[in-house]
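Both complexes below contain chain A, partnered by chain B and then by chain C.
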Partner chain A sequence: MAKITFDGVEVEVPDGTTILNAARQIGGSIVPPAMCYYTPLKGSGGKCRACLVRVAAGSAKDPRPMPKLVASCVTPVQDGMVVENTTSEQVLNVRKGIVEMLLINHPLDCPVCDQAGECDLQNFAFEHGVSTTRYQEERRTFEKIDIGPLIQLHMTRCILCYRCVYTANQITDNRVHGVLGRGDAAEIGTYIENIIDNDFSGNVIDVCPVGALTDKTFRFKQRVWFTKPVNAHRDCPKCSGNVVLWYKGKEVLRTTARKDQYGEVKEWICNECRFEKKETSDWTIEGPAHIDRSSVISANHYELPVLNQSVIADLPESTQRDLEKNPPLKLGS
Partner chain B sequence: MGRKLLTEHINVEGINTFEVYRKHGGYRSVEKALKTMTPDEVVEEVKKSGLRGRGGAGFPTGMKWSFLAKPEGVPRYLVCNADESEPGTFKDRQLMSKLPHLLIEGMITSSYALGANTSYIYIRGELLYVLRILEKAIAEAYAAGFLGKNILGSGYDLDLHVHPGGGAYICGEETALLESLEGKRGNPRNKPPFPAVQGLYARPTVVNNVESIAAVPVIVNEGGDEYAKLGVGRSTGTKLISACGHLNKPGIYEIELGLPVEEFIYSDEYCGGIWKGRELKAVVAGGSSVPILPKELILKTAAGENRLMTYESLSDGGFVTGTMLGSGGFIAMDETTCIVRNTWNFSRFYHHESCGQCSPCREGTGWMEKVLHRLEHGHGHMEDIDLLVSVAKQIEGNTICPLGEAAAWPVAAAVRHFRHEFEWHVTHAKEAAQPGAVYRANAVLV
Partner chain C sequence: MQLTNRAKKLEKKPMTLAERAYLPAIFQGLSITMRHFFMKKATVRYPEEVRPFSPVFRGLHVLKRDEQGRERCTACGLCAVACPAEAITMVAGERKKGEEHLYREEKYAISYEVNMLRCIFCGLCEEACPKAAVYLQPDKIAPPRYERDEFIYGKDRLVEPVSPDARSVRGIQLTPEQADSLRNKLAQQPA
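On to the complex of A and B.
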């Protein structure tokens, strides 16, 4: 066991736990954001740099601070480690920089993007970003690609987190897509236009933190915050059959895997459950799925659910005036 | 001229063949090490020599070797990093093509010291002709009994392989190199774990530069203490410097560390001064990724002392007034060089070579390149100069591997020391956008 101090809170975790997972045991607003790390996927993490934290003391044995910020999702804890996240000005500044970097080539087409409302990048930018950009150059764009009849790849939105690559590696027996090219020309692709034909391929949609991989059976049907999530299950010969159905009225618009509070899939589901079973009669309904109060899905309308006090000053004046009139649900720190 | 340890016989006819190399004292270190020394004694000699990694970071080689984890029953590997692709650095290429047996000798002795029974030379893909030379030399070494089973009857086995990369700069980063060697995409790994614990095929691995390994035979032959007598302070021995740019005699020089920079540039023994009788303007002392320094600061430190070719002297003053010895890619620029254009050129390289794995480097290198392109072509604004510094700062230290820093440092340093040129590119946009336009000190800033 190793005892670490994270943002002033002490926590004891088994050896080999990453700093991020130790912070998740504490929970709350001090948990660093993670855009590429995904607990169920071995080897993921370290790429987006959103979770960088400052290690003020390396361990009890060697209490020197680490020279650089470290990616909390891949750095294991050491006994006596002291980590600063929200308490470090440097970390917050760097995180602002990371948002900026992730957004410079992102199309910011949230108004027409199916992921809006449950998008990791949107949440991350909302909490840590600024409302203006210093980037004047042309953004990189790609053609939309249909990878099979059920999934669409819109590479322009991709932040190259590699989650879908790891998913295909680890839960299917044959990966046909991967990262091609290098630098900001890198893209997810199948090289020669290929379809991803696998019973579990739909899971890449769930792991995608942005709207780069979308469910073609749900595209443009409805904004997610107008749909109601309901837990349901069925006897499925391929997967666990535990899913969330997203209803609009009596209609099941989409089916996804169940996710935990950090947006990570609990159990992978098969394509049959995801794309084909869209009748209530196919399922045994368990009840409404829990949605975090801070989520726009819970707010059910597109309002500021949690507002980071520190970003208010960066907002346009008109928005600030609106905020004074209609205060948000709660103010984050 | 100072003593030459590595390149003494480089111009001997046929030195690339086993016989001639052997006649000139080649493979003595293998005999000495395998017959009279234990592996730990070899490591000890290298530690005593004070040899520092010649690939750029300057980390003490002996210390790196002693970090190698040695669990029972698990193979260990030595990998030679011959993926030399830093702009301005071309020492390893020459060393390998002229003296392939020196590298092989170093590999055998070093592998013995580390207890590796399989070793690899990972060579840059573009250097295919060098690969052929090395393969031929390795075949000769196998035939002579210096490689293979039971080398020289000592019971020590070693297989040596040469593996060409695809020519990506990023594969010169040690963990990306290992990924590439394993047959994967050359993406750097997250550290920890470090290669000394989990390297090639998740086994303990040491990755060393060609020049570092080539220095091992000399150290074993003459003893670490003898080697440490050369050089100054913690910068011991000799270093290959590949000098290029506006010099009268560009080329590869083996210098004893501690040589004054001024002597290196102006003495006829070395570079012979700046070509066409022009003035020196700036120097990039250790390959394109180290900070550029203007003439005043490269010849003398901020404290007014003579700048020496050592790890310490070149980095005197930190990055405010200093730079790094790096990999020894010495690029001299005369007064007709446009620093903005040069910085843009470097930046273009890093943009092209970023692997795209982590966001600050993937997006930031491209951003800097585009802003510099705009400045150079007369479409820049004053804010762009501070923007460059800010973007460089956002990349630096926040990436998985040092490529981010390599991209950020030259830009930050160019703005730090030549801000007036960037400003001139904004105020005299039309003039600056002309081909060959260069800011002159006597030009009046509006």
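On to the complex of A and C.
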């Protein structure tokens, strides 16, 4: 076990834990943001530099500070380590620079992008960046590649986090897409435009922190903040079947896997659940999915209260009619 | 019960001779009425005469086009989410090949509706718009209508006309100054 001090809070974690995961054990606003690190994916992290922290003391044995900021998602803790994140002016300044760096080639087409409203890069830039840009040069563009009828690839929006590559590597047996080219010319491609037709290929949509990989069946259908997320499950022979359905009215517009508070998917879902089951009758509804109050998705969501009509004797007739016409969602058994 | 000591005791005094004569008070009252005949009137004869609008007045919405006459709106939904009255609804669509001269971005609004009965003309939609597409005109009010559904303004009445002299049936009609400036702008455009 190693004891570290993170932003003045002491926490004891097993040896080999990364600084980021130690911070997540403390939780709250001091947790460094992560754009490329993804707990369920082995080998992810260390690419986007969003989680840089300052190590003020390396360990109890050698208390010298580390010379440079380190990526907290790939740096293991050592006993007696002192880490500064929000308490260090340097870290906050560098993070502004990281936002600027990630946005250099990002097209900033949020009004068009389907990811807007649930985009990690949008949140990251909003919370840590500056509201202006100094960049004047031409932004990187790519030829449009069609990677199949289910997934839409927008290479211009990609920040090269490699999450989708690891996903394809680790949860499907034959990876057909990867990163081609080097440096500035690097891009996600399927090489000779192979169509991703694996049964779990849809999960790359969920792991993508930006709008580079989006659901083609949901393309331009509705903005996410006008849809209502509902937890649901079904008996699926291939996957866990635990999903979130995104409703607009009574229509299921989109199905995604469930994400935790750090935006990470815990249970992968198969393409059948994701793309084919778009009827309420396919699913057992569990109840509204929790959406953070700070998220734009929770804006303007007024819901019919779930009323137990037998308890309220003098329910107004108009409300009764409303409830009959538009019954509240039944909670799953 | 007395709550304060500010209560004033009034005594009923007998009327003076002038008051009892009745006529002086009548003439005094009539003189005030007569004076008002010659004073500046507080009202205007509305349909013929219109009061000047304040420069910050927020009136009827317009969906702007860009310099090349393409619709600026991309149906991003920010106006609708900013709207406190939930007056705005839209349906987005993908721009097809060959429609580049009509719409600026690859996504555009197939339908865009503002319910003028719900709208409180607060201008938050204008403030939220990232594409500078929706504006509340400073010199137009939503005119009265007979039917409720006539207050739901669709794209036919909201989108700025391409040609300066064009008028939609019940919607936007440019003022002569606006038409002139638009005509100048179009004249500067290379064909």
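In this text, the second predicted complex is superposed on the first by the 299 of 333 C-alpha atoms of A that agree within 3 Å, B and C clash if a C-alpha of one lies under 4 Å from a C-alpha of the other, contacts with A are read in each partner's own complex, and residues count from 1 in each chain.
Everything that follows uses one rule, which is that contacts are C-beta pairs under 8 Å (C-beta built on N, C-alpha and C of every residue); 3 or more make two chains touch, one makes a residue touch a chain.
Predicted model only: the values in this text are computed from it and were never measured.
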item: Which superposed partner A:Thr141 touches (first chain B, second chain C, both, neither); value: neither
item: Chain A residues touched - chain C or chain B, whichever exceeds; value: B
item: Touched partner set for A:Gly46, first chain B, second chain C, both or neither; value: first
item: A:Met101 touches, of chain B and chain C: first, second, both or neither?; value: first
item: Partner chain(s) touched by A:Ala185 [first = chain B, second = chain C, both, neither]; value: first
item: Partner chain(s) touched by A:Thr284 [first = chain B, second = chain C, both, neither]; value: neither
item: Chain B versus chain C as contact partner of A:Gln25, first or second or both or neither; value: neither
item: Common ground on chain A, meaning residues reached by chain C in one complex and by chain B in the other; value: none
item: Residues on chain A engaged by chain C in the complex (per definition of touch); value: 109-112, 116, 219-223, 225-226, 296, 299-300
item: Residues of chain C touching chain A in the complex; value: 74-78, 80-81, 86, 92-94, 105-107, 130-131
item: Chain A - residues contacting chain B, complex; value: 45-50, 52, 68-69, 71, 74-76, 94, 97-98, 100-102, 104-105, 134-135, 137, 159-160, 162, 178-179, 181-186
item: Of chain B, residues touching chain A in the complex; value: 168, 170, 185, 190, 192, 351-360, 362-367, 370-371, 374, 387, 390, 393-394, 397-400
